[in-house]
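What follows is subunit A paired twice: with subunit B in the first complex and subunit C in the second.
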Partner chain A sequence: MGIALFDIIVFPGFIFLGILSLVAEFTDRKLNARLQNRVGPPWYQPLADFIKLSTKETIVPESASSRMFRALPLFALASASTAFLYIPIWSTTSLFPFSCDLIVVLYLLTVPTLTFFLAGWFSSSLYSEIGSIRTMTQLFAYEVPLYMALLGPAILADNWSISGIASYYYIHPLMALFNIPGLLVSLVAAQGKLERAPFDIPDAETEIVGGTFTEYNGRFLAFFRMSIDVELVVVATLIAAVFFPLFTPANAIVGFLIYLVKILFVIFLLAVLRTALARLRIEQMVSFCWRILAPLALLQVLIDLIVKGVLAH
Partner chain B sequence: MIVDRIVTWARMKSPWIVHFNSGACNACDIEVLAALTPRYDVERFGILLKGSPRHADVLVCSGPVTLQQKERLKTIYEQMSEPKFVLAVGTCASSAGVFNGCYGVCGGVDTVLPVSAYIPGCPARPEAIIDGVVKLLKSLKK
Partner chain C sequence: MGKFVIPVGPQHPALEEPESFSLMLEGERVAAANVTLGYNHRGIEKACESRTYIQDIYLLERICGICSHAHSTCYVQTVEDVAGLEVPKRALYIRSLIGELERVHSHLLWLGIAGHEIGFESLFMYSWKDREVVMDILELLTGNRVNYGMNTVGGVRRDITPEQAQDVLKALVILEEKTKYYIQLANEEVTLIDRLQGVGRLSKEDVLKYGATGPVMRAAGVSRDIRKDDPYAAYGELDFEVITDTHADVLGRTVVRVKELMESYKMIRQILKQMPDGPITVRAPKKIPAGEAVSRYEAPRGEDIHYLRSDGTDKPDRVKVRAPTLANLAAISNMLEGGYLADVPIVIAAIDPCFSCTDRAIKVVNASGGESMFDWEGLRRYSIDWYRKQGIDMKGTKLSRGED
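Showing the complex of A and B:
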């Protein structure tokens, strides 16, 4: 009981994940600023934003469904944080591994997107409804390439749990080189998952005010922002665990430092993508995902199948 | 006590703004936009431009308030959540300026909303706008 509480509250629960997600948001914003030749925000910026938002007055619009409006941010935060439990951090096994947890993690990562959709829908404002519909449209475009890109390595490792995949590539590090197309696809698709440029169409502030979160304010908005940050950490950890087979199961401290370097590198790549690219229109985004990303992800699956067949003989 | 200090610190460090043109000649708006460009980099102070008034803490108003815009300005102000501040950018927003006495104008922003800081200038320079925001935030401490 005590250990379970420690897991939930301190590590790898809310405190650890909260600090890590604030660090991730800061890194992302600072890199974005530096790439635009700016100074960028100070290190405490995400924390100040969080405290300020959570102490602001909270308004629930009259036409919104009050219960859903309040509950959805918590759902988003809870499911994004739960996904973190099944991803290996420094050793090749996660805290609570079980077979096929890759699928569970991918679905847990879909839940926040669904809550964004519902949040926009239940706010019942015109802009947030447009934002929700865009969120949904986008979901159907990037999910398939993202899943396929992550399933390719799983096929090669012949294991559907992330811990299994990580230990396979830890033993055969050169095999990870076959997964480079998948890495590229998942980096681009992750931008859609995290709703960042070039796929920040659902909350395009120049077109539809605040998108899905138009009506959100105060601590509910703080929770939503927090869950997006946690999602960023989880996606970076997932990509790092599947595509970068660098673990030190023997030494937790060195392993943790390597883990930090890995996720910061993934966040760096995501920040470069976000800064370098401009927002697409929704139909451009859908056709890009289906015409370019999905075939590339299929190619990844094909490569892994062929390599596996060759190795078997 | 310490909680109050932390909250005030967070409010000072993270002012999100929403920009509203209540009838300006557009020169002030362009200066507000110029202040948001990478050249001045207001994210250093934690200032972010937000699209929705629900997210914002500071309402940056430019121009005199025309009779047409009066109700809309009030609605936008009411949509913001407490604590909220209004910043009047430009001579027009402060006192209606050259439009004072015009038939369609009801005066500066302070005739409609409580204004926390006035930034004079026709148009106000980006440096002046940033200075105004920083001074407004410093006044929060008291």
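Showing the complex of A and C:
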């Protein structure tokens, strides 16, 4: 019980995840800045932002539902952090693996998006309501390709637990090559999940000011930003665990370094995507997800089914 | 969701200056757009009447922070016209040179703003970095990054040395290379084209109907340019093309602006090569004889018009400025309606608006509804009453201007 509590709260749980998410945000911002010919922030900037926001006065709009307004950021942070516990980090098994935890993790990752929607809706401001609607519209567009892209590897591994998938590809590393379309789809869909360019439509600054978070400030905004950072780490870890089968269960330290390299590489890819592209319109985003991403994800499922059929014979 | 009205402005991240657009939305579609001017009136025209002709150059230069040389040149042309001054050739060439460098910095600035409006921050960062090259050149030639203070009645205030000309040519090489990259970007980058094509359409007929000007007009295939049609400064002796495009949308306006950069580089090379020697200014009288004149100037944003009426004193009787944004603003509702909310920022930005150059009146809007307009007399009466209420003696002040 004591060890489990330590796992959850300190390492690799909440505190570790918090530090890692700040590192991830810094990496992302610094890469973005360097790719744009800028100097970029110093290493402590994400932490400084968090502390500064936390100490600011929090203002809840009069017409907003106060209880929901205060509770939603915590929901977002809690569910994103919980998802992390079911993803393998350096060994092929996660902290608390159980069968079909892939589905649970994906649903836990949907909860923050739902809280963004509710946050915008309950702040009762025009800009945040438009942002909310866009969040939901976007959710329906990227969710299906993202799920299918991650289900393909699961079908091939014949296991719906992330730890099971990781162990399968650890034993058969070459099988991971069949999952490259899925990797591409999940990288692009992750930009939608994380609401980053080209899919930063729900909080498009020049159109709808702060989008869903227009009315948020102080520590509630800090929690929301933290949960987005945590989401970034969780998504990067998930992609790394499913698509990059490099684990060293025997040596935790080497395994941990490999893990860091893997997620930083995923964050690098995400940063390049966000630097190189302009923001799409919501209707362009939806049609791109259904016309290009979804068929590509289906192709991934098809490839995995065929490979599995061939192997069975 | 039914129809609802969303305000964009007076304070909004998409706008660099306060102006109010109220949009009637149907979901993500804009059903109707309403533009309200009058948040930025600075009374410059009126202030000109109480300053001398020379002081007015510097006041009018500050109408716009981007096309400052456009306004000061346009103004001194009216004064020179009324005074009948023959400006030396070299001065005219220097005016054109600064005018073209200003166009380069204005268009690069616009490209960055356009990138920002469509969420393409990298384009913003890149083009503003390249813009620094031309800003440095302007500083080298004039001493200032903006508000160059080059013009004076009868010529220009600073000469260009051969060394400076060499530096300009060196900078042109860098700028040309970067601009070619932007032309390629406008023709090839998929998300950029997706966001710009077919957005904010304004057909050739509508351009002529609303009287739009500058790149907005040329992007619809109307080949009009004051530099070509009514040459001023040294443009009559320069060889250049008027860039037009047939897209008639935001993409067309982008292409026109980026290609105009290349024409500007061509012109700058010609200017530096052909610039004659000689004086850079003639002596101008302090008191300008009575008369009136109109002058036109192709500013980066379109046609800039200045009108001057003099009464024989050392101060103008009336100065009237028609900034290009006013001409383009009339068409903006037409461009916005039927489009997406996501395109509103870029459509507004695509006319390269300069709202504070445009405003000529203050509109007082009461928070509880209702609005009222002040004319000059009304504003004066209001201020006198206000000061009287504060206990300030206004006995010596008469109400209307005719009485003082």
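Please note the rule applied: the second predicted complex is superposed on the first by the 311 of 313 C-alpha atoms of A that agree within 3 Å, B and C clash if a C-alpha of one lies under 4 Å from a C-alpha of the other, contacts with A are read in each partner's own complex, and residues count from 1 in each chain.
Heads up, the rule we're going with is that contacts are C-beta pairs under 8 Å (C-beta built on N, C-alpha and C of every residue); 3 or more make two chains touch, one makes a residue touch a chain.
Note that the structure is predicted; figures quoted are calculated from it, not measured.
Judged by the touch definition given at the top, the superposed model places A:P41 against subunit B, while subunit C stays out of reach.
By the touch criterion defined above, A:N217 lies against subunit B but remains apart from subunit C after alignment on the C-alpha atoms of chain A.
By the document's definition of touching, both partners, subunit B and subunit C, reach A:V209. When both complexes are overlaid on chain A, the residue A:E57 reaches subunit B alone and has no touch with subunit C. Once the two complexes are laid over each other on the shared chain, residue contacts for A:L126 go to subunit C alone; subunit B is not touched.
Between subunit B and subunit C, it is B that contacts the larger number of residues in subunit A. Of the two partner chains placed around the shared chain by superposition, subunit C is the only one that A:T275 touches, whereas subunit B remains out of contact. Once the two complexes are overlaid on the shared chain, A:P295 sits clear of subunit B and of subunit C alike.
36-38, 127, 205-206, 208-209 are the residues of subunit A that lie in the contact sets of both subunit B and subunit C, per the superposition on chain A.
Against subunit A, the residues of subunit B that register as touching in their complex are 6-7, 9-11, 13-14, 38, 41, 43-44, 46, 49-52, 54-55, 57, 79, 81-83.
On the subunit A side of its complex with subunit C, the touching residues are 35-38, 126-127, 130, 133, 197-198, 200-201, 204-209, 275-284.
Contact residues of subunit C toward subunit A in the complex are 1, 4, 6-7, 12-14, 25, 28, 115-123, 125-126, 129, 189, 191-192, 194-195, 340-345. On subunit A, the positions that touch subunit B within their shared complex are 29, 33, 36-42, 44-45, 47-52, 55-59, 127, 205-206, 208-210, 213-218, 221.
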